[in-house]
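The following pair of complexes shares a single chain, chain A, combined with chain B in the former and chain C in the latter.
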Partner chain A sequence: MNRAILVALLVAVSTITYSFLGSDDAKADRLKGIWQPSHGKAKIKIDKIGSKYYGKIVWLKEPIDPETKAPKVDKNNPDESLRSTPLKGYRILKDFEYTDEDEWSNGTIYDPENGSTYSCVIKMTDENTLDIRGYIGIKTLGRTDVWKRLEMPSKKKSE
Partner chain B sequence: MMKFFRFYALVFSVVALLAACGSTEDFDASIQLDVSAEGPFFSGPNTLQAEYTVNLKSLIANKEFTANDIKEVKVKSVTIKIPEGDAIGIDSFNNVVVQLASDNAPMTNIAILNPINGNGNELTLTSSADAEIEDFFKQEKFIVLVDWDFKEDSMRPEMHSNVKIDLVFKLKQ
Partner chain C sequence: MKYVLKFALVAMLAFYAPVLYAQEDTTTAEDEEDYSIYDDLDFADDGTQSFANAKISGLSPARFISLGYDYQAGYDLTAANVGEGIAPETATINSTSGIRVGANIPVVSRNDLLIQVGGQYWNLNYNYNDASTLNHPLHKTLANNGLRTWGLNSTIYKPLNETHFILVQLGADMNGDYAVPEFQSMRYNRYSIAALYGKRPSDYKQWALGISRTYRAGELNYVPIFYYNYTSPVSKWGIEALLPARGHVRYSFNKRSILMAGFELEGNSYRLGNQSTFLSEPLDDVELRRSEIRARMMYQRQLVGFVWFAAELGYRINYSYNVDDIPEGKDFTRLFGIVSDAPYVMENTIGNPVYFNISLNLVSP
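And then the complex of A and B:
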């Protein structure tokens, strides 16, 4: 009888601790949502595919290329065969993993304006703000942009 | 004289060894799978996806090989088919993009068609000339993603497409 009480107590304590701290998946999934870079020219939707996070362009302030009068495409892609890829829908953030408290790394960010891909680390400074740091080689030699969440997390919506 | 002979024997052996190490042979292979997503679908890009389980034994007919034998894998062609009888046709989309993703390899764009012209239910895309996708075949599984760019909102509950990817495997001999 005492043993059963002890087991029940242990289960209860673990459940309370788990729900208090939150699971790693739930913490990692806070990255999901729609975000706007500081330049305001695009909106990026971050989703999870498999176990990693990817961000695609879902809105462009200027969706039409003034030269071609057609929707913008990835005309600077180093792979010539892919230069007709539309920018709307393009995944510019790729392969991010939740690696540390409030941090997603091992991913890349693509700049369609020059066709370059940079290593990137994402730091969530608060629930609605991301520091996106792109760099080549070492993190200190990079540039950070601040992105703002455009959609509140679903948890907050229900509150 | 013996020294001279030994020297040339050694040079010949090294050259033969290097030639053997570097030689490869090309094999055609293809994978085919159904990708799907639940609706509704809003105008703009919507992602259909499916997990592909890698089985090297069945990829190339009469050729047994392991992941270590793979030197390079390139995309030859990509074809997408909407199932017969589906009310939606390829004229419902502006463009389509196919990508591969996995836990252990960086996401790779392998094919694109933009714009989509004509109608019917089958498309052959423009394949990436540069995509190197061997890392996807050196693991147990990967994900195939198809981004259909819908011209208009569609309230359908789900959508399926069949993707066929023709590949060229460069295997070490």
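And then the complex of A and C:
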């Protein structure tokens, strides 16, 4: 009889824990999708890899470098060995975790325009808007950019 | 019962498997994919509007915090007579130097509005060749007290749509020969404002036209202003200008090393006589209208991370070093002689030395 109670408890705890985790995952996964920074020069696709979130460049307004006439590469990277890496596909958001209600932090953002990596916190102000704050050391010393969610035209039409 | 227990364990594993699997982490780039599917996307919100970015590509880095030292080499200063009571006097100043500290922090940072608030402290110490022999009150106060500025400023950038914007700059400065922490009355504060309307036709160019109330020429003036930033998309050259206040040609060796050549018109109106009587009544509220053109070369380089070093070398050309009578600090404008030809209390003559400035800067993302 005791065993039966133990089994029932194990199953109950598993179910409850998993349902909580699932709910948190669903909230956290709202970050996934395609987003456009305010400058409009790129589109960033955010995906979940493992338990963390990463964002890579999937579109560039000017994909060709006017200087070299070749596809843009990460020419400003302080690491010389990475300067020939194509910008398209480059992961500029790294290691974000869902840490608070509508907030992802502990990650970094890379600015290919100057080759700098900043600490970064992401706040979802509504389902289609992100406040991306890159900062140096403390959040006061930073700048916030607002990103907007993009979606396939077909998806919009079908709604 | 044994089977029930086994079933429970299998069920638990099944529940947790995706979670456990999700702990795998990688930061490596994914395989190539068909990026053309991202060409035609719409904003998820129908009402989403794009706004002109405040910057263009390739600008020299904006400074959050700056700590600098300014040094002017020797020159002669001839302080003019005041009526018949005070005779003119020429003295040699071996050097003029001081620290310059500034901060500029964004307090509102949205796509449709940017507001930055900043402050600065500048100090000017006059190192006379032989201070003990000085008689003229201008030489005495400069030698004993120097000049300093505490200031607050704000920049407001308001994009109207994808290409047009409004830019407003506000400043309030306390300038004088005062000591710290005594300072001087707030009624002697000098306020400046600039308002511009402009266009950002591409990521490589922005320009604006406007008007400013400014003390850059030493005394109060109202002048039209022209803002122009340009970066060549195919070369390392660019232009950064806010005329007539400053204008520079920029050459970027790379994103971490920038050389600029140009000028800055720098000035303000400094109340004299805070620490000791400068001139007797009725000339007891006078201000030094100091303005200089700095023709210069400026090199900026990233040291580590977000810390940049800047060094400038140039020629400091005097534009104004006259003294005005401003009873109770109620300022007036001559508007370059158009609205007033009020005489100066002193029309001083000052030499033009070479100068250098070095600074460490924490630059903005």
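Here is the rule we go by: the second predicted complex is superposed on the first by the 129 of 159 C-alpha atoms of A that agree within 3 Å, B and C clash if a C-alpha of one lies under 4 Å from a C-alpha of the other, contacts with A are read in each partner's own complex, and residues count from 1 in each chain.
The working rule: a contact is a pair of C-beta atoms (placed from the backbone, for glycine too) under 8 Å apart; a residue touches a chain by one contact, two chains touch by 3 or more.
Predicted model only: the values in this text are computed from it and were never measured.
Colleague: A:Glu80 contacts which: chain B (first), chain C (second), both, neither?
Modeller: The answer is first: A:Glu80 touches chain B but not chain C.
Colleague: Determine, under the contact definition given at the top, whether A:Lys56 touches first (chain B), second (chain C), both, or neither.
Modeller: In the superposition, A:Lys56 contacts both chain B and chain C.
Colleague: In the overlay, answer first, second, both or neither for which of chain B and chain C A:Glu67 touches.
Modeller: second
Colleague: Check whether chain B or chain C contacts more residues of chain A in the superposed model.
Modeller: Result: the larger residue contact count on chain A belongs to C.
Colleague: Please indicate which partner A:Asp95 is in contact with in the superposed arrangement: first for chain B, second for chain C, both, or neither.
Modeller: A:Asp95 sits against chain B and chain C alike.
Colleague: Figure out whether A:Asn114 sits in contact with chain B (first) or chain C (second), or with both, or with neither.
Modeller: second
Colleague: First (chain B), second (chain C), both or neither: which does A:Leu150 touch?
Modeller: A:Leu150: touches chain C, not chain B.
Colleague: Considering only the contact definition stated at the top, list the common interface residues of chain A for chain B and chain C.
Modeller: 49-52, 54, 56, 58, 78, 85, 88-89, 91, 94-95
Colleague: Which chain A residues qualify as touching chain C in the complex?
Modeller: Within the complex, chain A contacts chain C at residues 3-4, 6-7, 10-11, 14-15, 17-18, 21, 34, 36, 38-41, 43, 45, 48-52, 54, 56, 58-59, 62, 66-67, 76, 78, 85, 88-91, 94-95, 111, 113-116, 118, 127-129, 133-136, 140-146, 148-153, 156.
Colleague: In the complex of these two chains, what residues of chain A are touching chain B?
Modeller: Of all residues in chain A, those touching chain B are 49-52, 54, 56, 58, 71, 73, 78-82, 84-86, 88-89, 91, 94-95, 108.
Colleague: Show which residues of chain B lie in contact with chain A when the two form their complex.
Modeller: Answer in residue numbers: 44-45, 49, 94-95, 97, 99, 101-103, 106-107, 109, 112, 114, 126-131, 143, 145, 147, 149.
Colleague: Give every residue of chain C touching chain A within the complex, in rising order.
Modeller: Listed in rising order, the residues of chain C that touch chain A are 1, 4-5, 8-9, 11-12, 15-16, 19, 22-27, 29-30, 32-33, 35, 37-45, 48, 50-51, 53, 57, 61, 64-65, 105-106, 109-111, 162, 203, 233-235, 254-256, 305-306, 362, 364-365.
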